[in-house]
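Have a look at the structure below, then the notes.
Think of it as A, B, C and D in the order they're written, each chain with its own count starting at 1.
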Amino acid sequence: MLELNERHGTSGLIDAGRDAGSDAEAAARRDLLGVAVIGAGYWGPNLVRNLASVPEMDLRWVCDLDRAKAQQVVGRYSSISVTSSLDDVLADPRVSAVAIATPAGTHAELVERCLRAGRHVLVEKPLALQVADAERLVELAQQAGLVLMCDHTYCYTAAVSELRRLLHSGEVGSLQFIDSVRINLGLVQPDADVLWDLAPHDLSILENILPPDVAPIAVSAQGSDPIGAGKACVAYLNLRLSNGAIAHLHANWLSPIKVRTVIVGGSRRMVVWDDLNPAQLLSVYDRGVDLQATADARRVSYRTGDMSAPALSNGEALRGVAVEFLRSIRERRTPLTDGRAGLRVLRVLDAASRSLAEHGREISLEGAW
Amino acid sequence: MLELNERHGTSGLIDAGRDAGSDAEAAARRDLLGVAVIGAGYWGPNLVRNLASVPEMDLRWVCDLDRAKAQQVVGRYSSISVTSSLDDVLADPRVSAVAIATPAGTHAELVERCLRAGRHVLVEKPLALQVADAERLVELAQQAGLVLMCDHTYCYTAAVSELRRLLHSGEVGSLQFIDSVRINLGLVQPDADVLWDLAPHDLSILENILPPDVAPIAVSAQGSDPIGAGKACVAYLNLRLSNGAIAHLHANWLSPIKVRTVIVGGSRRMVVWDDLNPAQLLSVYDRGVDLQATADARRVSYRTGDMSAPALSNGEALRGVAVEFLRSIRERRTPLTDGRAGLRVLRVLDAASRSLAEHGREISLEGAW
Amino acid sequence: MLELNERHGTSGLIDAGRDAGSDAEAAARRDLLGVAVIGAGYWGPNLVRNLASVPEMDLRWVCDLDRAKAQQVVGRYSSISVTSSLDDVLADPRVSAVAIATPAGTHAELVERCLRAGRHVLVEKPLALQVADAERLVELAQQAGLVLMCDHTYCYTAAVSELRRLLHSGEVGSLQFIDSVRINLGLVQPDADVLWDLAPHDLSILENILPPDVAPIAVSAQGSDPIGAGKACVAYLNLRLSNGAIAHLHANWLSPIKVRTVIVGGSRRMVVWDDLNPAQLLSVYDRGVDLQATADARRVSYRTGDMSAPALSNGEALRGVAVEFLRSIRERRTPLTDGRAGLRVLRVLDAASRSLAEHGREISLEGAW
Amino acid sequence: MLELNERHGTSGLIDAGRDAGSDAEAAARRDLLGVAVIGAGYWGPNLVRNLASVPEMDLRWVCDLDRAKAQQVVGRYSSISVTSSLDDVLADPRVSAVAIATPAGTHAELVERCLRAGRHVLVEKPLALQVADAERLVELAQQAGLVLMCDHTYCYTAAVSELRRLLHSGEVGSLQFIDSVRINLGLVQPDADVLWDLAPHDLSILENILPPDVAPIAVSAQGSDPIGAGKACVAYLNLRLSNGAIAHLHANWLSPIKVRTVIVGGSRRMVVWDDLNPAQLLSVYDRGVDLQATADARRVSYRTGDMSAPALSNGEALRGVAVEFLRSIRERRTPLTDGRAGLRVLRVLDAASRSLAEHGREISLEGAW
């Protein structure tokens, strides 16, 4: 798909276009937010490209234990410094904020070091592996008055923003069900099962779009490891919601086809989000089933009205993450996807793992949300 | 879709074209299998149209408690007799076989009456509501040497036949998972929840395609009734298979869109059946995940080869049901979808209902399959 | 696609359900419109099934030179008379209207015989092979005060009705272009090239939906015969419209895939009709290009608003044809697709054939529309 | 579509990862091919990103009359020099090759200046506006022994490479037709009509995939300007091929939906390329129409075999352009898409424009191909 190469590719290099090297630049730079990226793995390059594209930011460092990988990410033509030591980064007084994209197992320690060093932090999902660690980090950030933001990238897409609006505004009516499918022939991860690899996306979306009066109250999960990978490669996660509805997720590393679909059923509207159909990401259906006061099933009435697909901007979501990180710091406010959002996601994941180990026994989420 | 109206519509009237009314006809008719259809509801017309299209059959009666409905089904121009009494049908010595398409609650009694009257029986799903009844009917048919066939229509489509071949021949390799989605804005049934309404289709397909060495060993089901219909309108059914794989079903009456997709994962091939894409019903992928002897997850290797979509005939499935019914009677053999197949489907449904009532507790299928 | 077999199959037998054989019936029948179907080929069965489903009609005859084919169409269980002689039909005083579905080459003569016998006529496309013949038939019907209706089936689909409404009401704004693609691996016809086989569908749709103030003023066509069939198997037809827009058609017998798409561009709305996507037949886009008073191309502005897909009924189109035939006769009025509509289609086809023979030279349609 | 942002975005920054700044680097750089990019408009950033990603290249300059735009393209963190003067570039002895992405009207002069300055040239389509200019440039490059390459980007996609292989290897059999649709709600260009804007893509693909024994012999084009833009916004181009087949193109700036589909009909295989379906870019059908020795149309036979979709790599095409540019220079050979290819495309475009002006009169391509 040439078109896409072009479009997305282009966005990779456009920036505010101020004239580097001039005096004006030096002056301007004093007002910029100095940032660094820790971790030059799969996701690092995307953070680098997007942070570098924000005019109000000054990307000073890319850090990776493997210095060559860090260099590879910035490229041959870059003036961004690279290092294999976090100390170098934290020793730079002009670095006020850090974006962490290292393996999940290292998040807790690295986030804590950066927070204790007085830096604002943007961290990849999951916030940490242990709920206790995540709780400590949230607490720590609050006490220090620092921004702790989770990179729940999907929450910065036009599709999720519109879904959130439809659910929070009441346009969808009362929530009847949410069914999410996230399957693909995916990389079997060395340090996570399919739930920990994929479900954070769906749970962070759920955390973002669920109406305030609806919360998950119990979770169960079932999975299988048909290839002998030593962990679940196919999993189903079932969330019982406080209003009686079900939110269900299918996560699968072994599917021959990629599917990224979320169906939201509501009493007034129903929405289908097909993330692989850029020409029609959201389809909002004026369809539904209504029941007369009487519980007589024969008194069911159906609405099968028109469908409408809102026009959505297709900007890059991670650019939105970078901008929200900047603004929440500048405006001294909680970001859209703060540490608490990450904590909620982690608590559900943690409970789901326990259910998975017990053949799908339902686990209460009392106080988790 | 004009094309489809034409194609399927046409098949509704074409038949062997022998010249009715002639002497040759009278003679020929003596060799025909006399049949009757009981029940002129939603499915009855399809049975009538397809039984009428089999040259070796003589459709003599359409019976419904509401005689007008029976008349409506045969139409104004038909010579087929209608009646509101099953006795009229069973009193006709030239009726050797009966097709039953009445409400599920009446199956057990009607099938028994017909079998005791020495008639071969084709019955809609489910075979009965109670497992015990179904077991008695299967026993009864066997003792009487009569054909008891279940109308598992999907099993007579080219897609399911090819799926069965792919799985039984070993082309798919070892089964890794089966994921089936059957959702639509469907009629909320007065006498069944969404599982009893939709799952029989998927379970009868599963019963037909599962390799002989793989069987379901436990089932769990979760559902919700977000519209207060007094029964589950959204349900998920999870089957643990004897080889460690999962077969999972999503059944939903409240979905704004219709989805009819089955994904079968195997070690050698993976197959996607999209029943709503007539131009490409089956997609067979040479894709998969292989694991080296070592269980080291980093030793995973991926196959992402070509996809191929076999050319499939698009004859009407129910016509195949009618022909199999005729042949199994004429050849005195067990039909492809016999009473035992119906019994297996019923036992799983019955266990799933119990699980649904216990928040998804896993129920063993010991001896059910 | 089982679902479709079921749905359409069913419609094939349902009718008004009056109780045949009773006295009431005999009485009622006196008020029915007696009809006959001439031609039991590809399309005949559809006419029979749909005429038989109209309660106010009494389908008395099916006629075909091959009596066995006629019998095959009515089936073994039917009380409808069959014959190989049109005289039998025209000799029946209770036959007031005739539907003709014979080879195109016989239309002119058969329609004339029926009209001269005082019968109303519904005829398949094309009305005739020669423009002069068609003109005579239209004249003849008018003088005799008989209904002469062309079976432009697509004009009785919900999609075309809505397209017509969108264009006639002005909702689409000024027409900018129409692009129609009708390709498939189709039967190479013995007596027609791909234009005469497929273009009548598109031209009859165009005739139906074009706003009254827009007419085709010139046509050109190009084609090729890459398989040596002795006639064009691939063709492109280009209509210059009176408002400067182009209506373009791609007709192809050799395409590996079936495509049935019409795109209508307008200044206010744009519409895509995908006849192979029953879940979303029409997509109405609030998109377009506007130009400021100045012709400066840099002053172009774009609208990229929402899309909406109207809910459309999916009844069988041919049933609508039968009902319109009945009503236009009963109400003594011109049917929606009368002989004149067929004449317009024929005149364009005739001119297109001349253009095809002259390497696409543009032919004027002065006075053809 | 988050996934795509990620994937393509990433590729934007990865490079050979050699360690910039070290001595080894300085040494290595002596062996690199020094390159410059002229033009920092729509396409410039893609050239910069891809040339920068080739380890054997040293991207030294980005040049644009608007220096700020050039700076914007390289970004704030780049060590690549920017200038508004081509002289600066040509004065740098380490620049051996230049990529030109300026407005079409300037190509002829800029390419000539660079060639006369002894630089290899990669130029965007079209090579020039005037056929005579393009011929002179091709001549000039040949005499000077310099590479003159046209950026026919699509020819470097896996889809076009496979199409070329299928057609050149004879797998497709004899070519029966090519139908290409390239429509979208596109930017109305100030300096080109829809044919000059879009057709070069299709013509360059055609030039690349047509079997050596098949050539276009005549072209005709029809278009309209329904919005009063002062140029054709909707156009159809028809190429008569030497083997009797037709290659047809639909180019449209006013379509509400984007379509990028090419259908290739052959006697042995038929291929559909849907460039907007990354999961199934190419579908190869074992379908076709065969004719018996006799030209009797009733002796037509149909093949409706399986379809297969080859697995295709989805690397970025422009990266392939950059690598081919490098290799053709290093290997002193003609690139896949050389000046002659650009000249063929230009000659067809030029003839098509004349046809467009004469209501679609067919123009001979004698000696153009």
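Here, a residue touches a chain if its C-beta (ideal position, glycine included) is under 8 Å from a C-beta of that chain, and two chains touch if they have at least 3 such contacts.
Just so you know, these numbers come straight off a predicted model, no measurement behind them.
J.: Out of A-D, C-D or A-C, which pair touches the same way B-C does, with over half the contact pairs the same?
T.: Most of the contact pairs in B-C are shared with A-D.
J.: Report which of A-D and B-D is connected by more C-beta pairs in contact.
T.: Pair with the higher count of C-beta contacts: A-D.
J.: Any idea how many Å lie between the Cα centroids of chain A and chain B?
T.: 42
J.: Express in whole angstrom the distance between the two chain centres, defined as the mean CA positions of chain A and chain D.
T.: Centre separation, chain A to chain D: 37 Å.
J.: Between chain B and chain D, what's the gap in Å when you average each chain's C-alpha atoms?
T.: So the centre of chain B lies 53 Å away from the centre of chain D.
J.: Mark out which residues of chain C touch at least two other chains, giving numbers and ranges.
T.: 257, 304, 307 - these are the residues of chain C that touch more than one other chain.
J.: Along chain B, where are the residues that touch chain C in the complex?
T.: Of all residues in chain B, those touching chain C are 1-6, 8-20, 25, 42-43, 45-46, 48-50, 52-53, 59, 68-69, 71-80, 153-154, 157, 257-258, 260, 275-276, 278-279, 281, 314, 316-318.
J.: Please give the residue numbers of chain D that touch chain C in the complex, ascending.
T.: Contact set of chain D toward chain C: 174-177, 179, 183, 185, 187-190, 220, 222-231, 233-234, 236, 238, 240, 243-246, 248, 250, 252-257, 263, 265, 267, 270-272, 283, 285, 287-291, 295, 297-298, 300, 302, 304, 307, 359-360, 362.
J.: Can you name the residues of chain B that touch chain D in the complex?
T.: It comes out as residues 280, 286, 304-311.
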